[in-house]
Amino acid sequence: QDSVYFANNAYRTGPFSGSGIPIGDGMRDYITMINERDGGVNGVKIVYEECETGYDTKKSIECYEQAKSKNTIVYSPWSTGATLAAIPRAHIDKIPILSMAYGLSASADGTQFPWVFIPPFTYWDGASVMVKHMAAELGGMDKLKGKKLGLIHLDAPFGKEPIPVLENLAKKYGFELKIYPVAAADMQNQGSLWLSIRRDRPDYLYNQGWGAMNPTAVKEAIKNNFPINKLVGVWWAGGDDDARAGGEQAKGYKSLSWANAGTGFPVMQDILKHVVEKGKSTTPKDKVGEALYNRGVYNSMLVVEGIRNAQKLTGKKVVTAEDMRRGLESLNITEARLKEIGMDGFATPTSISCTDHSGHSKMFVAQWDGAKWIKGSDWIEPLKDEVRPLIETNAKDYAEKAGNWPKRTESCEKSS
Amino acid sequence: MFYREAGQFKSTYAADMAVFPIRQDRIGIAVILLLAFVGVPLIGNDFFTSTVMIPFLVFSLAAIGLNILTGYTGLISLGTAAFMGVGAYAAYKLTTFFPGVNIIVLVLVSGLFSAAIGVLFGLPSLRIKGFYLAVATLAAQFFLQWAFVRVPWLFNYNASGAIEVPQRLFFGIPVTGASASPETRYFVCLVLVVVLTWFASNLVHGKLGRSWMAVRDMDIAAELMGIKLLNAKLLAFAVSSFYAGVAGAMMIFFWYGGGEAADVFNIRLSFNILFMVIIGGLGSLIGSFFGAAFIASLPTILKFGLPALGVPLSGATAEHVTFMLVGALIIVFLIVEPHGLARLWQIGKQKLRTWPFPY
Amino acid sequence: MSDVAARPAPNLLANGWIKAGLILAGLVVVALVGAQLDGSGTFYKVFIDPFQQMVAAPDLLAQTIWEGLVSGVLYALIALGFVLIFKASGVFNFAQGIMVVFAALTLVGLHEKGVPAWLAVILTLGVMFVLAVTIERVVLRPLVNQPDIILFMATFGITYFLIGFGESLFGGNPKQMIADELYLPKGAIDLQIFGGLVSLQKIDIAAAVIASIMIAALALFFQYTRIGRALRAVADSHKAALSVGISLNQIWVIVWFTAGIVALITGIMWGARSDVSFALEIVALKALPVLILGGFTSIPGAIIGGLIIGIGEKLGEFYWGPLIGGGIESWLAYFIALGFLLFRPQGLFGDKIIERI
Amino acid sequence: MSIATLDAPTSTTPASDNILSLNNIEVIYDHVILVLKGVSLTVPRKGIVAILGANGAGKTTTLKAISNLLKAERGEVTKGSIVFEGERVDKMSPNELVRRGCIQVMEGRHCFGHLSIEENLLTGAFTRRDGNAAIKRDLEKIYELFPRLKQRRSSQAGYTSGGEQQMCAVGRAMMSKPKMILLDEPSMGLAPQIVEEIFEIVRRLNAEDGVSFLVAEQNTNMALRYATYGYIMETGRIVMDGAASMLRENEDVKEFYLGVAEGDKKSFREVKSYKRRKRWLS
Amino acid sequence: MNAEPMNVTGEPMTGKGEVLLAVENVSLRFGGVKAISDVSFDIRKGEVRAIIGPNGAGKTSMLNCINGFYHPQEGRITYKGARRDKMKPHRAAAAGIARTFQNVALFKGMSTLDNIMTGRTLKMKRGFFWQALRHGPAMQEEIEHRRVVEDIIDFLQIEHIRKLPVGKLPYGLQKRVELGRALAMEPELLLLDEPMAGMNLEEKEDMCRFILDVNNQFGTTIALIEHDMGVVMDLSDRVVVLEYGRKIADGTPDQVKSDQKVIDAYLGVAH
């Protein structure tokens, strides 16, 4: 039978495995479901292979090389470090990178980064939504003046991503930005950081954290009597285990999100029916539908839809990496399409274009109700006008510094 | 039978002092070099070259550096990764300041920066010894790693904090940047490693090497022989950090190709390099290569080799098994020969010499 | 014994190299740090403002010191595991960090399987005992009388093995410590003092008490018992210890088991504060400066070192960290330790390094 | 090679009379270095037996083979058997052997540097189970024998002088109340007076407490004066053995080990440097 | 500096040549332990000077003071007219003082050859970069010194262990290598700390031969600590006797041998 090969990085080991495992489960199970239920995409099976990185950049490079040697149609790095390392290679090797809502924000500029896709939005969009959410709760953008926003972040490129946007917005709206870096070695040891937070008394905290850092932050917030509903995590700080660590008092903890949690969607039911209940997955049944799991599902959905689109554009059944790039670049997941694939209400429509590789889609604020994540706000649009120019200047800057950065050779698809 | 020195007489001291006094050894080295320069590029595919061979070379060089410090001079360092980082960032800054200068020159020069920093953190070694000295180097490790993240000047104020490796040509062929082919990068690394290994070998076989070993074995006696301890130790730090720095620059420029560099030079890497040195054999250059192969390449080979051999393991399980296997192998090797793979190699040769008799 | 060392302490400033080096070091640090500070009013920011803050908000100062104290105690607990093994066998046990994780995971894992909490504790102790015996049989026995660094390396092998083994048994997810089931106190005591609120977590108080008791008991044990003496003898020389009939095998099992117990307690305490996950292994690195500051061989040193480091790094991070971008906690501890070492190369309470010919 | 045997080896006496016997043992270091090439010797109960021989002959190795300390130096006994009190002990752990009453004083001191002299002595009593009072008594006895140790009892052993450490090592072994002591170069680095004293102690312990001794010693004069029987080793083999009195009379021994050839003791100033030929090795 | 060495020691001058090293009223304490108290003596050029005394008398400590490893709290040590009681150990080497150690202090991981070669360190001048190349002048220098070292090896008859690591050599050979290492420094003053401990008669004879040869052929001054009275009496020109850190006698071997104080403290029954 025809098949395409899809290499996915995973980290089911190492200090970040707590977050890596549910994501990996979601990704795998959706693909398995497509293969099981539909016999693949239009009859083409997806050969899905995980490469274990342990969230280690060195290993992720090995994984990239392996993916390349096996002609993957798309590469999914699953860490910002791995994405950064893969970007220059992928441009030469012509392998599309799908870094869903992580990675290099600037890579959303399709003219400079034709091979990188970062749907449905970037960290910069997330930061802008954080500010919008804060404003909404305070009663309007003008109320931001004189307020204090704190950013807790992992002291690594991933953690530092939101800083430029927040700095710009702070200047523009007159609020103060306080930055609290957490070294990787101190992820579980945030005592003094929270003391500083106590001193500075920020009105809101945005947590750009990952792995073991998140539950610790939640616990510390509770311990230090920081109002838990003023602590908002980036989507990766919105895992079930992250919130659960805080116990009763974590109720009200927020995080940004774009994919709803729970199993109440047809697509989730299909996964349960075709995969989990048939014993084709290692995921425990009660973990299906957790926040991070569902984002894994969403990611795989993007891959599948990308393949489908590529097949449509090229008329081929078995698509190549270059076809896949075309498929992703004109990906348009409409309301109707979401419904077709059983994701009605699971996420909002998103579309990628030649210049805009992220879509800057809407997101919402999820809230922990003590047992699960629920949708805690309406869909919020990011401040695209703030984010987009920054993306373009940074993308240009990146290309310049790299020297001899390959120019975009693929013409933009006109269709769809 | 075949590995005998019988009949090879040395009539000059120069011949006797050669690094490889036995003819068979010299032939062996020639064969290995031939393999490295011709064989690997011929048979190895891209995957092998870029994920096994280049890392192996980089780590070998770093291990040689640390071996000079720890194996030859007896000073334990847990800051190797940071010194590698200094090399990498120095090389990065140098490429921005001197875009016209040949990249290989810059990589070598960046080693000097690393050497200077190494000397700085080596200063306490006069007073602090053994595992206690490790703390001085740990201070280097954590401070420098912090600086790599916190001092934006070092990464040219990039928003992501990552560094990019610009494309640079060498006689018209790209040697860095994404369009440099794995073979080219491999060749550059190989040449650097061979040349620097040769220098290291010269140093450790000469007066300096003897002073280092004297300091290691019995520093008090060494001092009474007229060796200035501080000079010897600082020189060891300098040379060692130079090698580490060059290795770090090579790592980013010829292997990683940019990206999130600060996190790469973390404490784990420092430990790993120390382990390469120990497993390979303290005070043995060839051991550094063995150690690098064992600690750096073995997990990779296991990880990608086991599934290829049809051992059906899922990613995570394979990783767990690899971890356990590597851990167990470390212990086994230590038990079989605590002085490292290099000594095992020597004993093997010794047995070969007396073969077919047991002793 | 000999307070007046006749061996001259090297005068650090007498040597041209050192002088130049120190100046260079100063320049580099100033340059790096200065790059982080913006020029205006640096002196004020560094030397006056922090102290003004301390006076202005004494409650925060008290809280900072308390936080430092608590993390110091927790570092000390990890360091204690190191010290035990080092003191008793001369082995620098790199695996202590993973042993903490392993012990905590076993406890939580067993509980998840439905074992009652206290039974789980006992079973975990059993597991740690088996681990100690295995390590002795498989690793230490064949490596008797090898140089320290080789044994150090072997413990790294153990670490690798335990990481793989632990993750395949328990998975990588972070788990919650069963603090309630173990009747560990919850909540906080809020003190209204210094015109503010100082909040002391009960779990932290418990940790401090348990750590103090354990450390005192172990210190007495080492100094005054027959086994304690034998342990110190082993650390000095394996060969000589063998020759006087000390059973290394038995000693090692005792010591590694004790370290296992310490690891379990540490795991429970740390786990109750944050979470039980493999990331905890990294925290163990913080025990190194503590260890070195206190002296590798000193049990009281572990606690004193822990407190100095804990309080020092919290104060440093809180009052001076923001000046240079924060996050200095990651290295401050090592510099504090280094500073002490320059004056006492064997750490505060460590055995003097014997130099005699 | 011909072995000059002056006295019929003790094999004629029943084994039960020997507290220790080595049977043709072979020792290899590092898997490749063959050091002992078939050594057999016996120590009668309550006997004092000396092993003599040049540097590197393998005396230390023999003693370590008996006390099972070889393993710690990556050596092993590959052939032969060692019987202590009628039991094979070659697979026994060193502490088991100490418990059974056979202890070694290692060459080159090996005190516990960080422990005080008194603590060092007390570790010697580690395997004893006869209570603190008895240990205290023996400690006093040691101090009586070595008053210098009493003066330095609270000093860290690492700082004491070479001779003090040697006394400490010997005293430590005596603290275990052994049935048999393997002494490796007890006189090394000791002042002549103390050497004499140590051998007197050996004699006393032997006579009063019935302790057996196997002594490897370079000071042949002394050793043959106090021992009842002697073995001479060369490069891993026993080349001569006999009652001490007979060895003392042997011409070769006289010349090479006692320095009294041609009846007169010669001055060290007069010796000529020449490569000697061992007469018993043809 | 004191006018007449004779006044310092109060002993008749029986040694050779002028005073090479003078120890005056030296005291050394470790906390409460008095290792040396108020000791004075001298060593003349070209003589063999023995230091004897019971265990713990302070002999080794005395040598340690002389080559700067310990710094005495009181008194002074002059070597070739220059004060050196506050000097660093490596200066002693540069000034031509070499020594061997009571507990062999060889570089255990290195071969015999390399051990002895380290003795030549001070005499080798080529810089770092030449060494890194190990060709041309650096190699020449290396060969030159190798030749000297080979002579020493010949002299000490240790050719057969030239390439072996010293750590596992039998004790006696280690002592010999150590002597070789000290000789390689071509010292003016050679301090020997129990060079014959643990040797049998034959080896002691060899060692005596070496020491005498060094003394005669190169005119090296020798300070010798030894417990074997036969050796001391036969070899030395003058003997100083220490007990509990104090000097109790100083003079020719015959004088010392018959001194009642020495017999009581050290020799025991007449030897």
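Letters are used for the chains, namely A, B, C, D and E, taken in the order the chains are written, and counting of residues starts over at 1 for each.
Just so it is clear, a residue touches a chain if its C-beta (ideal position, glycine included) is under 8 Å from a C-beta of that chain, and two chains touch if they have at least 3 such contacts.
None of the values given here were measured: they were computed from a predicted structure.
Engineer: Give the chains in contact with both subunit A and subunit C, ordered by label.
Structural biologist: B
Engineer: Figure out the least number of contact steps between subunit A and subunit D, where 1 means they touch directly.
Structural biologist: The least step count works out to 2.
Engineer: State the smallest step count from subunit B to subunit E, taking one step as a move to a touching chain.
Structural biologist: Minimum number of steps from subunit B to subunit E: 1.
Engineer: Identify the chain pair with more contacting C-beta pairs: D-E or C-D.
Structural biologist: D-E
Engineer: When the C-alpha atoms of subunit A and subunit B are each averaged to a single point, how far apart are the two points in Å?
Structural biologist: 37
Engineer: Could you state the distance in Å from the CA-based centre of subunit B to that of subunit D?
Structural biologist: Computed value for the inter-centroid distance: 47 Å.
Engineer: State, to the nearest whole Å, the distance from the C-alpha centre of subunit B to the C-alpha centre of subunit C.
Structural biologist: Each chain reduced to its C-alpha mean, subunit B and subunit C end up 30 Å apart.
Engineer: Based only on mean CA positions, could you tell me how far subunit A sits from subunit E in angstrom?
Structural biologist: Roughly 75 Å, centre to centre.
Engineer: Residues touching two or more other chains, restricted to subunit E: which are they?
Structural biologist: Where subunit E meets two or more other chains at a single residue, that happens at 30, 33, 60, 69, 101-103, 105.
Engineer: Please list all residues of subunit C that touch 2 or more other chains.
Structural biologist: 1-2, 163, 167, 172, 285, 325, 327, 330, 357
Engineer: Residues of subunit B touching 2+ other chains?
Structural biologist: In subunit B, 142, 146, 149-150, 220-221, 267, 316, 319-320, 323 touch at least two other chains.
Engineer: Can you check the complex and tell me which residues of subunit A touch subunit B?
Structural biologist: Answer in residue numbers: 10, 12-13, 49-52, 54, 57-58, 61-62, 65-66, 68-69, 80-81, 84-85, 88-89, 91-92, 104-106, 155-157, 160-161, 163-164, 181, 183-185, 282, 394, 397-398, 401-404, 406.
Engineer: Under the definition above, what is the set of subunit C residues touching subunit A in their complex?
Structural biologist: 53, 57, 60, 63-64, 67-68, 70-71, 163, 167, 171-174, 176, 188, 199, 201, 270, 273-275, 277-283, 285-286, 313-314, 317-318, 321-322, 325-327, 329-330
Engineer: What residues of subunit A sit close enough to touch subunit C in their complex?
Structural biologist: Interface residues on the subunit A side: 12-18, 20-21, 155, 179-189, 191-193, 195-196, 198-199, 211-212, 215-216, 219, 223-225, 241, 244-245.
Engineer: Any idea which subunit D residues touch subunit C in the complex?
Structural biologist: Touch list, subunit D to subunit C: 67, 69, 71-73, 93-99, 103-106, 110-116, 119-120, 122-124, 126-127, 154-156, 158-159, 172-173, 176.
Engineer: Which part of subunit B faces subunit E closely enough to touch in the complex?
Structural biologist: 12-14, 17, 199, 202-203, 205-208, 210-211, 213-214, 216-218, 220-229, 235, 283
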